[in-house]
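Labels for the chains are A, B, C, D and E, by order of writing; each one numbers its residues from 1.
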Amino acid sequence: GTAEIKVAAASSMKLVFEEIAKEFHDENPGIKVKLSFGSSGNFFSQIVHGAPYDVFFSADTNYPRQLVKEGKSLGDTPVALYAIGRIVLWVPDSVGLNVKKEKSATLLNSKIIKIAIANPKHAPYGRAAIEWMNKTGIYSQVKSRFVLGENISQATQFVHTQAAQAGIIARSLVANPEMKSTGSFWEIPTDEHSPIEQGFIILKGTRNPLVAGSFSEFVTGPKGSRILKKYGFNIPTIHGRGLL
Amino acid sequence: MAEKLLIDIQKDFPGRQVSIQTELELTPSWTVLFGPSGAGKSTVLRCLAGLETPDDGEICFGNEIWYSKNQKTCVTPQQRGTGFFFQDYALFPHLSVKKNIGYNLTEISKDEKNKRIARMVDIFDLSKLENRNIQSLSGGEKQRVALARTLCRHPRLLLLDEPLSALDNPSRIRLRKELRDLLRQFKIPVILVTHDRTEALSLGDRMIVMNHGTVLQDGPIAEVFSKPNQKTTAGIVGMENVFPGSIREKKDGLAIVEINDNLLEAANFGLDTGPVMVGIRAEDIVIRLARETNSSARNQLRGTIEAVVLEESLVRLTVNCGFSIDALITRESKEEMKLDVSREVTLSVKATAIHLFPH
Amino acid sequence: MAEKLLIDIQKDFPGRQVSIQTELELTPSWTVLFGPSGAGKSTVLRCLAGLETPDDGEICFGNEIWYSKNQKTCVTPQQRGTGFFFQDYALFPHLSVKKNIGYNLTEISKDEKNKRIARMVDIFDLSKLENRNIQSLSGGEKQRVALARTLCRHPRLLLLDEPLSALDNPSRIRLRKELRDLLRQFKIPVILVTHDRTEALSLGDRMIVMNHGTVLQDGPIAEVFSKPNQKTTAGIVGMENVFPGSIREKKDGLAIVEINDNLLEAANFGLDTGPVMVGIRAEDIVIRLARETNSSARNQLRGTIEAVVLEESLVRLTVNCGFSIDALITRESKEEMKLDVSREVTLSVKATAIHLFPH
Amino acid sequence: MITDPLLLSIKLAAVVSALLFLIGIPLAGWLSITRLRWKFLIEAIVALPIVLPPTVLGYYILVSISPNSSIGSMYLDVFGSALPFSFPGLVVASVLYSLPFAVQPFLAGFESVDKRLSEAAWTLGASRVKTFLTIVIPSSIPGLITGGVLSFAHTLGEFGVVLLVGGNIPGSTQVVSISIYDQVQALEYEQAGQTSLTLLVFSFFVLSLVYATNRKVWTIWPKNS
Amino acid sequence: MITDPLLLSIKLAAVVSALLFLIGIPLAGWLSITRLRWKFLIEAIVALPIVLPPTVLGYYILVSISPNSSIGSMYLDVFGSALPFSFPGLVVASVLYSLPFAVQPFLAGFESVDKRLSEAAWTLGASRVKTFLTIVIPSSIPGLITGGVLSFAHTLGEFGVVLLVGGNIPGSTQVVSISIYDQVQALEYEQAGQTSLTLLVFSFFVLSLVYATNRKVWTIWPKNS
């Protein structure tokens, strides 16, 4: 018969997980993967209140860790990492700045009126952006220009519509052809902010722990990693459970 | 002993008060609420229907208490089972004429219902309008539909707020006649609000005259018309000679009417023998000193002048010919004939000047 | 030559058509649109006011084209400057009585405006209601407010749709008198819709009788009343002797009225010398063979019987006494006096039976 | 079973509108005739859900219908399945959220019906309920249609509440608004544009139909005498 | 300058409601009197924005007002500042989004006014506009209040559109709905609960006041004769 699992994933991971699910399905034709995307914060609330997902791939490690604390993890296993996000500074071509050359100084240019970032209060990409700006010492100069997206996708929309003139966004999103054709980016060095670790857990309520396990193994395995890399994620060196 | 409708209520409006205290027999009789605009007639009717709650007093319909301030009772309009005709029709704009008439006729079979509606349509001359919608009707057409709707339910007390006032003359006269006949079969007491004398005379058995929210006079209709208890009332009802009488026989297009043992000949417009209300305008009575012949004035009554009252340019004579009758003549006539109290005179009235109101 | 109001329109309703073709002089005169319920009177009035667009024809007010199917012209109600009185009042529910009356009086100064309102309040006896809201008014009170509102603007053509029909009798009689006087100063043509004969007679100079959407007769009011052109018209207007006349002098409470060189004495209820409309009911005329004395019937006319027509139980005599006059007597009288064509008779009428309608 | 998000949305909107007629008409009707002094408080309470951001409202609804709440566990006992993350859960949440958009116009419609029509019906023996059903409701068609249209459209476009209570599960709670949102989030603008256009065209068609019919109602009942 | 999100929301809702009266009343008025055959299409278009999820609508609004769009650049030229991520931008977006919630009840209100009242005003020489202002509007108070309340409350609770067009800038575009959302996302449930409660209490107070006053209007104008 056919088994089915429901996978909840951060909305910024939509393209990645659609590709992963497709390959997984090709490999295991008997298993149907139903993907739900959304804000990790919402998934947290929903899982606490009994949402019927099998695996939850968060955009950070905080929400899954909280879920473990709430006893929602299968067998109380701790959070495992599946990807490490990267941030880039993206500027639309119409602004007329060479971001690759000017790097962080781009943000100080007077043409940059608004800078889009994800809300650092609950989005890891936003936190990383702040951290980087603090480290390079431009935070206090640019802070007043921030516009905050609810998540990294929204921050991306802000710059993509050119309503904001610069954005610190996920590396995975600039791979999108829409973004490629309208602007250019500079990769922020990974050593200038703490790693954006993204973790997952298999949920206690799963009806099919075996399939859930095999899907998460697929994600963290070589095929998954290849796809994740393709979309601009780094792969955590140690996947091992119990890391966090 | 017939049951009674006891009304003793008071309703307060800012700067105005309407109060009434009366008792009506619950027999198939007509009570007319008469009075000028703003007298409080509609308010009384609305209190009776249960649409307005009085501020004090009580209303008892037979043994049923409809409203009592003391007992904190107020029966709903539905339970009272009265028929109410609204001064401004209150027809249902989204229903056809036919559906308006048959609204909420649920207790009877469908056949019976259709028959009743057909009868109403017939009586109120609505056959061409049956399926029309209300908004396309003219003023008078609306009124006829509203009448039909109210009567279709055979209510146990009928409250009519100026039912004929917006009708044109021919329809009004026709309906006035028919209304009484029609309602006779239903055997229900009717309370009619009107400010039309003819309507009151044709339809009313009893009359309650209201003004400024209070009752001025309350009594049999002939009495109120003939003997208003005060000047205001007289002004409101208008002066008339009105007597209860009865048609004794009919011959050659004449009706022989008996009033207090006197026989009068009246032009007969199709009334049957039986009780009638007889009205003679004071100004239609011709006074002469001697009997006369060879005149088309057929009724001659001998009597003695009881009172002579000057009224503006005219003189009002009250003549006793077994019963009191008023005549209005010019001052010149009075002078020429030297008319004065205790003088004997002949009153003559044309048969066509004797107005019979079916009763 | 006075300007004219030319009306030649047709309005189609599903299953019904209203059409009228007439020409009115734009002098301060009264035209009465008379007819039973559903005749199309309101429709004609609404077309004149510009509230309804006819389906064919034209309306010209003097040189102005108000509506023309051919020229595709249709002037707005605002530009026509007519005053319109709605059969169901159409008062503004959110404005006080005073504000209703003074609505859109913008062209005049505030002082002038207040004066005008005060005058209207006075004329229509609204002083106690001035600041009341419309919903708390009784039916008759509403009507008075609506009349005041329409007249307050001094319109150049006044269209009245049954303005007095819901008033109580005393108010109606008072207002009927006053309305003419009042409007005389405004010097505007008036078109009045009514189905009340007395109202038509008191107010109208000219009468257009309508039925089932068409004009039956159109002419001077006395002519229409006295000589209806067909049976339907006669049925609608009712039979009356109506003559234009004039009050020659007044003495001792009597008015001496001249009709076609004949002098009649009529009870005078405060009218001034000048032209009047004289109405005598056919049933009020007493026929005798010889002149007589000592009677309160003051008016005696000699004449020759021109026609004898049986009408149900009565007989209608047409007598020529310089002008034609109808009398209604019983068959018995006719037999007794052996009345027939070309016989000479005396007609006598009480002064109180001669009705004068101010004109 | 319906899997297409658009069809699912339409089904949801239809069910919710129908329920809102069932719930909203009696509620608005009661509000329009009650002489209760404090009725304005109830009106205010009915309108309250609008002032919370949908996702927050969704969060609170989720909390109160989840199987650990009393309502949620009762539902679980009776129907054997949990309310959140199911179609019935979506319906409950949307009804709550759209209630004011139905009740307010209904009420405004009922209140503008001439009081005397109801009085006439009462004296003709019709109960208050019958009067309401046969006289007041048919005389308030514009208000009812406004309420129906507002709540239908509002449910179609509803997102925050549905997202939280439904959980974006394809084929059972993923309505079209969420799927467009997903597409926009993933920067699939072209696809999002297409889905939006489909939704707009469909809605435009439905709304035009409703308004055109409503217009006709008034042509059948001309207002001039 | 207002920095408290609640006050900012109130300011936004007040400005938007006021603008909606200014825009919605003429629009609904025109719809109520026009004899245009195709007016139902316009009614449908007005209602359309509701059917899009707010964030998606927000995205499209953002695209069309961003400084490189024609509208956005025009605004920038005239006012010297960009429309997105500013209070005026929020106002524009909210007005667009809440328009149907104002126009629909307004229209229902206007259409239930007796045609003859307008006719009476016309024959008294009042222009169509004056008639509309002095007769139709005052006779449609329940509809106007419904529209006002719906749009005020709706703007208070608006989240998706405001988030996208406003950019969540504290003190200028961070309205209370966004700040509650942020708190819920950050799992600060207690704080979110408190802010929600404040918002609810305030809204309840305002709504009650509006409804209580509305009631009074009808007491001053009794409906029975």
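Throughout what follows, a contact is a pair of C-beta atoms (placed from the backbone, for glycine too) under 8 Å apart; a residue touches a chain by one contact, two chains touch by 3 or more.
Treat the numbers as computed from the prediction; the structure is a model and nothing was measured.
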If chain centres are mean C-alpha positions, then the most distant from chain C is chain A
So the chain most remote from chain B by C-alpha centre is A
In whole angstrom, the CA-centroid distance of chain A from chain B equals 90
Distance in whole angstrom between the CA centres of chain D and chain E is 19
Cα centroid separation, chain C vs chain E, in Å, comes to 55
Residue numbers in chain A touching two or more further chains are 42, 45, 154, 157
The positions of chain E in contact with two or more other chains are 55, 59, 114, 116, 181, 184, 223-225
The positions of chain B in contact with two or more other chains are 42, 51, 87-88, 136-139
Note: in the complex, chain A contacts chain D through residues 6, 8, 11-12, 14-15, 34-38, 42, 45-46, 49-53, 151, 153-154, 156-157, 160, 173, 176, 178-179
Seen from chain E, its contact residues with chain C in the complex are 114, 116-117, 119-127, 130, 134-135, 138-139, 220-225
Within the complex, chain D is touched by chain B residues 49-51, 76-78, 81-84, 86, 88, 90-95, 103-104, 133, 135-139, 149-150, 153
Listed in rising order, chain E residues that touch chain A in their complex are 55, 59, 62-63, 65-68, 72, 82, 84-85, 163-164, 167-169, 181-182, 184-187
Counting only contacts in the complex, chain D reaches chain E at residues 39-41, 43-45, 47-48, 50-57, 59-60, 100-101, 104-105, 107-109, 111-112, 114-116, 140, 142-143, 145-146, 149-150, 153-154, 156-160, 177-178, 180-181, 184, 192, 196, 199-200, 203-204, 207-208, 211-212, 214-215, 218, 223-225
